[in-house]
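Paired with chain B in one complex and with chain C in the other, chain A is shared by the two complexes that follow.
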Partner chain A sequence: MVAEALSTAGLAIAVVAVLLGGTYIAAVLDVVFTRLTMRIAVRPLAAAALPLRRAAQLALQRRTLTERPDAGTWALAPAVLGALAAVSLAVVPLTGTVIAVKADTGIVVFAAAMALVVVAVYLQGWSPNSPLSLVAAYRFVAEGLSYEIPFAVVLIGTALPARSLALVPIVTSQEHLWNVVRQPLGLPIYLVTVLALGFWGPLSLPEGQDVAGGTSVELSGVPRLLWRVAQLNVLVAVSAMGAAVFLGGWLGPWLPGGVWMALKTLFLLALLVASRQYFARVRTESFVVVAWTILTPLALVDVFMAGIQAMVAAR
Partner chain B sequence: MVVRPLLARLAKKAPVPVFLIAGIGGDEIADRLRLDERLQVMDSPRPAMVLMIVGRLTSGLNGAALQVHDQMAEPRAVVRWSPSRLDASAAIFPHLVAAEAAAALGRAAVAARDDLLAGRLPSSPPLLPDVDPNPWRGVGPWGQGGAGMTGGVPYGRPLPERAKDRDGLQLDQLLVRVGPFMPALPEGLTLEVKLQGDVIQDVVVGENPFLEEAGSESRQEVSPALVAPADLAPFLAALRVPVAIAELELVRVRHHLRWLGHTLRIHGLTALGRRVLALSARVHLGGAGARGALATADVAELRRSLERNFTLAWVTRGIGRLSADQLAALDGGPVARAAGVERDERLADPAYLALGFEPVTRTRGDALARWRLRLHEAERSLRLAEIAGDGMTTVTGAVEGPTGPLGRGLAPSSRLLPLLPDLLTGLDWGDAVSTLLSLDLDLREAALTTPGSGAVPAWAW
Partner chain C sequence: MIVDVVFWFLAVLAVFSAWRVFRTDSMVRAAYWLLISFVGVGFIMVMLKAEFLGVILILMMGGEMTIMAVFMVMFMMNPAGLNPMIMVHQNRAAMAAGFGSFGLLSAVGLFARFPASVVPPRAQATAELGTELLGDSMLVFQTAGVTLLAAMIGAVALVSVRGRFGRADEGSDAPEQQPAAAAAAAPGPTVSDATAAAEPAPDVAGEDMPADHAHGDAR
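== the complex of A and B ==
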C-alpha cells in the first residue's frame, strides 16, 4: 500500500518536473531563437538566466484589476490550462515503464483534455470584462473546432497500427518503423494543430499584437507569469505526445529509453518554439478555411491509409 | 521577507517592461528605444513597469496618457524626455523622472525600475479618480432587477445594440474605442468601432490630436519640423531649397525600413521586426558608403528573404485593396503606386532623371503589394543614394516624400484618412489592423495640413 502510494507520488512529481523543466527549456529556446533571428550574439549563461529574471520581475509586480471582472474565473483560467497540460502529460509514457497514468484509453484522455483548452482560453479572455480580450477569446472559439478535428483524427491514425488506444502499445507498435514514416501526413498536421492549441507563433490568434496581446492584455504580475507558464506547459505536453506517437517514444539504440524520449520531445518542442520566428501570424479566416478544406481532408486520408496498412499487416 | 530581496536581485538584470508613448519629436527616439536591449517594449500598459513618454504631448494626448498610466500595474514609474520646454506632461505627472537627454532614457528607465524594486522610489499613485464613470443605476451586483428586462443601464452605458451581421443573424454589437496609444495603430489615431465578434460593422475616426498642436497659438514657438515626423524634415526643406539627393533617398530608405520593422512586429514576427529596425538605424545620412553603413546588398537580402516568406504574403494578400481610381486623388506615393498609379514627383526633377530614376509600381493595390513595393523602393533608393554623389534636387515647390507628394495640397496621410471608414467596415479586426499598417499613416504628418480646407498652411511648407 505504502509502496504504491510512494510510487504514485513519485510519478506525480516526475510529471510536474518534466512539465516545469520542459517549460523552462522552452523559454530558454525562445530567447536563443529570438537572438539568432535578430542576429545578435547568444550568451549561453545570460540566455539561461533571462526567463528566470523575467519571472522574478513579474513575481514582484502586482496584479491589475479591471472594472467588474469575474475574479473567480479569471484566477481559474491559468490553473485550468496548467492542469489540462498536466493531465495530458500524465498519460504519456516517459519510458517503457515510467507512465503516471496507465489508461487503456490514454490517447482519448489526452485528446479530451486538449479539447478543453478552448475553455481555459475563453475564460482568460472573457473574465477581465475587457473588449480586446473578449474579441481575442471569440477568435479562439471561432477556430476551435477547425483545429480539433484534424488534431483528433491524426491521433486516431497512430492508434490503428497498435490496435489499442493505450499509449504503451502505440509506442511499441513503432518498433520497426516510426509512425512519422508510415503515416507521413500525420506529424505535419499534428504540429500545425498543436500550434493552434497552444496559441503560439503563427497561430497565436488570441494573443496577437493586433489586439495588444488579446487574452493576456489585462494581465500583469503573478497571473501573467502563471498564464505564460501554463501556455508553455501545453507546448511541452503536446511535444511529449508527438514524440511518443510519431517518433517512437522511448525506442532507440544505445541510449536509455528516457534519454531518447527527452531528445525527441525537445526536438519537437524546439520546432514549435522556433515557428514564431519565421511564420507571420495567420488570419483567423484563412486558417479556418485551410483547416476545413486541406487539413481535415488530409487527416482523413491519413487515417484511411493507416487503417488499410493495419488491415494488411493483420492478415 | 527573505524571498523578496532575492527576487529583486534576480529581476535586476531583466529587461525593463516599458510602455512607450511617442509624442511630437519623439518618433525617432522611440525606435531607438525599441532596439535597447535593457528594455522590453510591451503591447499593453498592464504589465509595464515604466511609462516612457518621449516627445511633446498635446493636451488631448495628455488625458489619454493619464489613463495609460493608471492602467499600469504597481509598482510603476514615469520616465519622460521632451525636446520642448512647453510640454505640459511635466505638470500632469507629479512623480515623473525627467531624463536629461534622449540618450539617457534607457538608463533612466533601468534606474527607475531598480529603485522601485528596492523601495527607494515610491510607486506613482493613481492620477485619475477611482470612481465609476457614471452612477450605478441597476439593482443588484449585475444590474439585474432594475427597470426593463435586463436591469436598466449599468453605469449609464447602454447594453449592446443588436443588429444583423453579414450572414443575416441578429447579434450583439460591441462599441469599442481604441487608441490613441494602441501600439498596433498609428500614434494618436483613435477609432470608435462597432464590433460583432471581431467583424467591424461601423467605424468612426477620431480627431487628430496633433492638429491642435499644429493649429495652436504657440506654433510660432514650435517649428513645423518638430510637429512633423522626423523622417519628413529634409523633404520639407527640399520644398524650399535644393537638397542633396543622397540625403533624401537615405531618409526614404530609413523611413521604409522603420515602417517595415513595425509592421513585421505587429504581424507576429517580433524578432525579425527588430532586426529590420536595427538595419534602419544603420542608414548613415552622411553617405551610403560609410563604414558599417547599410548597403544595397543588405536590403536586397532582406527583400529576398521576406519575399520567400509565404505566411507574410498569405496574411497580406487581398487585404485593404484600393483601386487606382480610388487613389487617383492621391497624386502619387507608395500606396498609389502599389495600385498601379505611376506618379512620382521625382519624375519631374531632371536631376533624378539623369540618375536613371524609374518609379517602382505594383498592380494589386493590396497590403502585399504595398510592403513589397516599399521594400523594392528602399533598395532602389539606396542605390540612387550610392550613385547620386553630391547631386542636388533641382525642383522645389513639390517633392516626393516617403509617404507621397508633399507641397501639393493635403499631406498624403490627410488624403488617406477619409478613406478609412469605407475601407475598414466589414473587415475582421486583424485585417483592419493589417490595412492600417499597410497605409503607413502618420497623424503628425496629417497635422501639417488641415483636412477639408485643402489649403496648405504657409508655416508648414
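== the complex of A and C ==
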C-alpha cells in the first residue's frame, strides 16, 4: 500500500518533471532557431539563460487589468491548459514500464484532454472582456472544430494495428515497422493538427499580429508567463504522444528505452518549435478550408488504409 | 473509502455545476458550467468501469458545449455573449417539467430492480462494448453512423465549397443592400456632368448616355 502510493507519487513527479523540462528545452530551442534564422551567432550559455531571464522578467512585471473581466475564469485558463497537457502526458508510456496512468483507453483519454484545449483557449480569449481577445477566441473555435476530426482520426489509425486503445500495445505493435512508415499520411497530418492545437508557429491563429496578439493581448506579467508555459506544455505532450504512436516510442536498438523515447520526443518538439521560423502564418479561412477539404479526407484515407492492413495482418 | 470520497466529490460537483447553469447570467458561463457537470458524470462512469463511455462523453462534450455557446451567442441579440442576461424563462412550465422528470427518475431509482451482479475487477468493458457495437447491434449503430457521416459530409460540402454568397474562403458582401448597377453608376453622372459643363464635346455626351440612364433608374 505504502510502496504503491510512493510509486504513484514518483510517477506524478516524473510526469511534471518531463513536462517542465520539455517546456524549458522547447523555449531554448525557440531561441536557438530564432538566432539561426536571423544569422546571429548562437552562444550556448546565453541561449540557455535567455528563457529563464524572460521568465523572471515576466514574473516581476505588473499584470494588465481590464474593465469587468471574468476574473476567476481568466485566472483558471492557463491552469486548465497546463493541466490538460499534464493529463495527456500522463497516459504516454515513457518506457516499457514507466507509464503514469495505465488506462485501457489511453489514446481516447489523450484525445479527450486535447479536445478540451479549445475550451481553455476560448475562455482565455473570452474572459478579459476585451474585443480583439474575443475575436481571437471565436477564431480559435473555428480552427478547433476544423483540426479536431483529422487529429482524432489519425490517432484512431494508430490504434488499429494494435487492436487496442491502450498505449503500451500501440507501441509494441510497431516492433517490426513503425507507424510513420506503415501509415505514411498519419504523422504529417498529426503534426499539422497539433500545430493548430498548440496555436504555434504558422497556425498560431488566435495569437496573430492581425488581432494584436489575440488571446494574449491583455496578458502581461505572471498570467502571460503561465500562458506561455502552458502552451509549451501542450507542445511537449503532443510531441511525446507523436513519438509513442508514430515513431515506435521506447523501441530501438543499443540505447535504453527511455533514451530512445526522449530522442524521438525531442526530434518532434524541435520540428514543431522550428516551424515558427520557417513557415509564414496561415490565414484562418485558408486553414479551415484546407482542414475540411484536404486534411479530413486524407485522414479518412489513412484510417481506411490502416484498417485494411490490420485486416490483412489478422488473416 | 477513497472511492467513496471521490464519488461524492464528483456527484456533488455534477449537481452543483448543473444548478449553476441556471443561476449564472451569461450564455458562455452556462455552457461551461454544464460542461463541468458532464465531466463529473463522465468520471463517475469511469468509476463504474464504463471507462470508454466516460472518457468519450468528456471528449464529445468539450466540443459540444463550445458549439452550443457559439450558437446561443449567434441566435441571441447579445453581442458576443458579453451582456448579462437571465438564463431562465417560462418558469412555471419549466418547474413542472423539472419536478415531473425528477419524480419519474426518482421513482425509477427507488422501484426498479437493478441487477445485483458485481463487475469482476478485470472486466474487459471496452472490448465487450466494441463486440456489442460491431456484433448484435451492428446494424443499428452502423446505420446511424453512416447517416451521421453523410450528414457531416453534406454539411461540409454546403458550407465550404460555395455558399449562397460566393466561396466561403473569399469573403463576400451581403447582396441587395447596394445594387451593383447603382453602385457603379453613382459616381458616373457627377463626373460626366462636370465634364459636360467644362467641355461640351458631342462624342463624350454619347458615351455618357447609359450612365445617366442608370442613374435615373436608381432614383
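Here is the rule we go by: the second predicted complex is superposed on the first by the 315 of 315 C-alpha atoms of A that agree within 3 Å, B and C clash if a C-alpha of one lies under 4 Å from a C-alpha of the other, contacts with A are read in each partner's own complex, and residues count from 1 in each chain.
Note that contacts are C-beta pairs under 8 Å (C-beta built on N, C-alpha and C of every residue); 3 or more make two chains touch, one makes a residue touch a chain.
This is a predicted model, so every value here is computed, not measured.
Once the two complexes are laid over each other on the shared chain, residue contacts for A:A56 go to chain B alone; chain C is not touched. By the touch criterion defined above, A:E285 reaches both chain B and chain C. Judged by the number of chain A residues each one touches, B leads among chain B and chain C. Within chain A, the residues touching chain B in one complex and chain C in the other are 134, 138, 285-286. By the touch criterion stated above, chain C contacts chain A in their complex at residues 26, 28-29, 32, 35, 51-52, 55-56, 58-59, 62-63, 65-67, 69-70, 80-82, 124-126, 156, 160-161, 168-169, 171. Taken in their complex, chain A has these residues touching chain B: 33-35, 37-40, 49-50, 52-54, 56-64, 67, 131-132, 134-135, 138-139, 142, 201-202, 204-205, 208-213, 216-221, 224, 276-286.
Within the complex, the chain A residues that touch chain C are 70, 73, 103-105, 108-109, 111-112, 115-116, 118-119, 122-123, 126, 129, 134, 138, 141, 144-145, 148, 165, 285-286, 288-289, 292-293, 296.
The residues of chain B lying in touch with chain A in their complex are 4, 7-8, 10-15, 17, 37, 42-44, 46-47, 49, 71-75, 117, 132, 174, 176, 178, 182-184, 195, 197-198, 264-272, 274-275, 278, 309, 311-312, 314-315, 428-431, 433-434.
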